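Below, each structure is written out as structure tokens.
Below, chain A partners chain B and then partners chain C, in two separate complexes.
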Partner chain A sequence: MDNAQHYFDQLLFGVAPYLALIIFFLGTIQRYRAQAFSYSSLSSQFLENKRHFWGMVPMHYGILFVLAGHVVAFMFPRQLLAWNGHPVRLYILEITALIFGLLTLLGLVTTLVRRFAFSKLRTVTSTADVVLHLLLLVQVGSGIYVAVTCSWGSSWFAASASPYLWSIITLDPDITYVLAMPFAVKLHIVNACLVIGFFPFTRLVHILVIPNPYLWRKPQVVRWNRAPGTKG
Partner chain B sequence: MNVRSQVSMVFHLDKCIGCHTCSIACKNIWTDRKGTDYMWWNNVETKPGTGFPTRWEDQDKYKGGWEKKNGSINLKSTDKKRIVLNIFHNPHMPSMDDYYEPWTYDYQNLFTAKEGPDQPTALPVSKITGEQINVESGPNWDDDLGGSPIYAANDPNLDGLTQDQKDQLQAIERLVFFYFPRICNHCLNPACVASCPSGALYKRGEDGIVLIDQKKCRAWRSCVSACPYKKTYFNWFTGKSEKCILCFPRVETGQAPACFHTCVGRIRYLGVLLYDADRIEEVANLPDEELIEGHRSLILDPHDPEVIKAAKKNGIPDSVVASAQKSPIYKFVIEWRIALPPHIEYRTMPMLYYVPPMSPVMAVRQGETIEHVSDNLFHDIEDARIPMKFLANLFGGGHEAKVAYALRKQKAVRWYRRAVTVGDVTMEIAKEMLNQADCTVEEAEEIYRLTSLCTFEERFVIPPSHREEAIEMTQDPHERRQSTGFGFLSGPRRGL
Partner chain C sequence: MIGIENKFNKSTQVKRYRDIKFLVGALMVLGAFPLVASAQETAAYFKQNCYSCHTIGGGRLVGPDLKDVSNRKDRDWLVRFILNPQAMIDRGDPYAKQILEEARGVVMPPVAGLSRDRADQILDFIEVESALEKSQFEGMKFSDRPFTPADVALGHALFTGREKFKKGGPPCISCHTVRGLTLLGGGRLGVDLTKVSERIGGRKPLSAWLVSPATVTMQPVFRNNPLDAEEILPLVAYFEDAAKQSGDDDSVAPLAFFLMGLAGMVLVLGLFDVIWKNRFRGVRRPLVAGGEMRTSI
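This part shows the complex of A and B:
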């Protein structure tokens, strides 16, 4: 039994992340090569303009902040622990993060309800959209649950989740950190792998084509069809 | 001098009969696919009227075009910083309610309805949801002032008219309307291109046609709000924007665009203009009242040896320069100065020009009788049923002089030809009118020819396609219409 449990844990936390990442990279690259046309945020603002705001804005800003928090804790665990050394700063960080987490949840729920409340939107809602929404709900829900029940996540993330993530990145997975964590955290990790693995098959691919050159390109774009090297 | 060539257009509004043949030709070729049903790359509006989408000229609402701020011009809808913050929800985006919900009819019901006391009917069903809908608006809902007086009364171009003029536009026996066919203007300073976060929109270097790269478009929707003419449309099904492509596969093979080709009133002209690309920014920054002259000053004389030399240096083929020399557009816009850009105050430098329409003579009461004559030879221009201010709001950036000039010249040409063929006007008066309208007899004859007797080849002087430049040679959008639409040879499959 213990043995089976051991292999199962290895599979979930030692193998699944790699599977997810492999699918993520191969899937997105292949999709871009074969079907660049399908890379779109598939905005539905045109069909419903009012509730769109209450879904999209909190969801995107919430997710961006929370994700950035994860990345900072992953990249700079020591600095984060140093920051949290002072309780007031810890409270400020935790409360802000929780607020953005709740914003994400609000946006996500609004989006899901909106999708089903308007018949026009139902026609542009695919199965992949529904699955993705449910996965994200689990992800955000478990995240908020962890934030509320397992206090001072920003500190213990830096102390025990960061080493785990680093062990994954350095191709030397060490799942001992994870095994000690409560179920909700485990769920959060496994579901994250699912989201990453499912990513190439959803509209999430629009994240990969964020408009970075826009800010410093010239306003007007002219394309020449002439053979390269000719005048003009 | 940085010479570029631009396929440009003139629509002669005095000849438009409002038959919508252009719209149908365009729809049949390009926008009969799912997600494009509601798009009308070419549409014909009745003016005064609210247009399509409703009140598109109301830039307080839609925030289209450019605005002058602190000495330079910025997009009204958004600037580079704001576009990043607003990318998740575009605050000025029109929704389908501003256009209309496309529909078809449930024809099957005519065959499958149960036998009953009444004839079965084909009820309207939405082309989006397939559910029955109440049709409440359409692309030309206020055609010929139909529907309700509120449409005409809400035309944004009525700003600045006196209450008398507004009332007159609705008074029986005095009301008036004209048609305003619209396609993409393929501007020199396109707001849609400038706004695209992905850089998917671009202007073709060779002929100036503005296109959307369907593989680069990511549905950020900025172009839809940035275009002040609302001529980029969002395909709700594929999640890509689409717009008029000036039928480039046709133009590249020497055919006029479909809407031009089919035009019953023969109001449409197409030809090349050479322009100085280095001066676009400077001209787009001019004060409002200098915009029309500035816009004209961008256009270069294709007969000028200096221009020809500079064109050669820029790699413009001789055949294109030769085509520019025969361009009917150059005559209308530069030589005769009777074609004007629509809403130049949006500062996108549109390359589609309009000859403003004449309107019926307004009778003048003289004692007991109603007369149509006056000492002022041009009285019916100044007192036309369409108030000059209205036309000026559309074609003069609010300033009447340029519009008046174009109308006076048209009127003088008419009276000159009347003197020639009918003879109830003396040649003396006709020539005096030509003189007052800044027109010579030769010019009048030329205008008369190109507006009345013009052949296909005179109306459409299409620059020859150069094999190495023609996209048509490698891709054939026509062949795959309905399954593909345009652009590339794979189906426009919506992403998951």
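This part shows the complex of A and C:
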């Protein structure tokens, strides 16, 4: 039984991340080569735009902030621990992260309800969309649960999860960092692997083709040609 | 010519003899090396995983003194206990329950990388060390000077992270809380440390435990960032003080934290609504709403 558990842990935390990354890279490259124009989020704003706003805006700003936080903790764990060295700063960071986590959850729930509440949207919803939605709900839900019940995540992420992730990146996986973590934390890690592995087969690929140059390109003047004598 | 040949043969024979002697010596050294390495490795493993709670001949810490432990129970029982102490307690094994009582209810945590072979190696190692007049694991020496308010203050600063650990370990607040710490308390990934001093059994066992925290969660974190002796003393002072003070119950802190997050979320949603107040709301909807108004008038 102990041996079986040992191999199961190795599989979940030592092998699954690599499988997910391999599928991610090969899948996204192949999809871009074969179906470059499918790299889109397939917006449905045209079909319904009221709930769309209260789903898309909180979800996107929420997930961008939370993901950026994960990346910062991964890249600069010592600096993050130094910031958290004062409890007030720690609380400010944790509450802010929780706010954006809750915004993400609210956005996800709104978009899921919206998808099933309108027949037009049900028509343009694929099985991959539903699976992705559920995976993201588990991911964000477990993240919030961990943030509230296993505090303070920003600090122990820097101390435990960051070295674990670095061990994965440097091809020397050390799963001892995560072996004794609570179930919700393990679920968050394993589900993250599922999201990464499922990424190339979903609308999430639009993340890879965000028109980032819009942020720094020169402003463009848009001219309208109107008939002489018309107002506006 | 013959003389030269003999001389050559003799020198060749001597060289061969030397080579064989060197080879035999090298093989003996190489043959013995795994044993030496294994003993060293077991000693290192014991130091990393067992020494924070057990001595060999130095009296009990959190767990019992392991000198001559093989005389107390047979090898099979000991191996089973080392591999899964909780299961032995749950099964109602009388000796396992006695150990638990003597340890003030502290169950031996699961040990990382432990297998049946490793447990056997450890028990062999303890037998060898027990036979020595003075084991290298007889116990660590800690200062027994009385704690001062400055020690408690420094311990508090180390716990919260205001004062950094010299080797770079994360502050205790990351995972642990102590009652009456601050507004939202400390972390809740690990156990509440308010009464840790009493639970572990006092100053010496707690100091020994902090030298090399042996829980599966803490070990990888502090393996390369151990606490310094000058940091352990103030931390123990702080824990002893916290046990005496036993501040207010802060079990509502997670709920308060969640509610703060929820309130913040509502504020941000309001902000979104203001920022995008001129967002496109459709063409048909205002027309339909206007039409309905006209009809009702």
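In this section, the second predicted complex is superposed on the first by the 214 of 232 C-alpha atoms of A that agree within 3 Å, B and C clash if a C-alpha of one lies under 4 Å from a C-alpha of the other, contacts with A are read in each partner's own complex, and residues count from 1 in each chain.
In the analysis below, a residue touches a chain if its C-beta (ideal position, glycine included) is under 8 Å from a C-beta of that chain, and two chains touch if they have at least 3 such contacts.
These numbers come from a predicted model, not from an experiment.
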Which of chain B and chain C A:V209 touches, first, second, both or neither: first
Which of chain B and chain C A:P182 touches, first, second, both or neither: second
Which superposed partner A:H86 touches (first chain B, second chain C, both, neither): second
Contacts of A:V57 with chain B and chain C, given as first, second, both or neither: both
Contacts of A:T123 with chain B and chain C, given as first, second, both or neither: first
Chain B versus chain C as contact partner of A:N49, first or second or both or neither: both
Touching both chain B and chain C, residues of chain A: 49, 53, 57, 61
Contact set on chain B toward chain A in their complex: 80, 83-84, 87-90, 93-97, 126, 128-131, 189-190, 193-194, 196-199, 201-206, 214-221, 224, 234, 236-240, 280, 313-316, 468-471, 488, 490, 492-496
Residue numbers on chain A that touch chain C, as the complex places them: 2, 49-50, 53-54, 57-58, 61, 78, 81-82, 84-87, 90-91, 94-96, 98-103, 106, 148-153, 155-156, 158-160, 163, 174, 176-177, 179-182
Chain A to chain B touching residues, read off their complex: 35-49, 52-53, 56-57, 59-61, 119-120, 122-124, 126, 128-129, 201-203, 205-206, 209, 211, 213-215, 217, 219-227, 230-232
Partner chain A, residues of chain C touching it in the complex: 83-84, 110, 112-113, 160-162, 164, 168-171, 173-175, 181-184, 186-189, 215-217, 219-221, 254, 257-258, 260-262, 264-265, 268-269, 272, 276, 279-282, 285
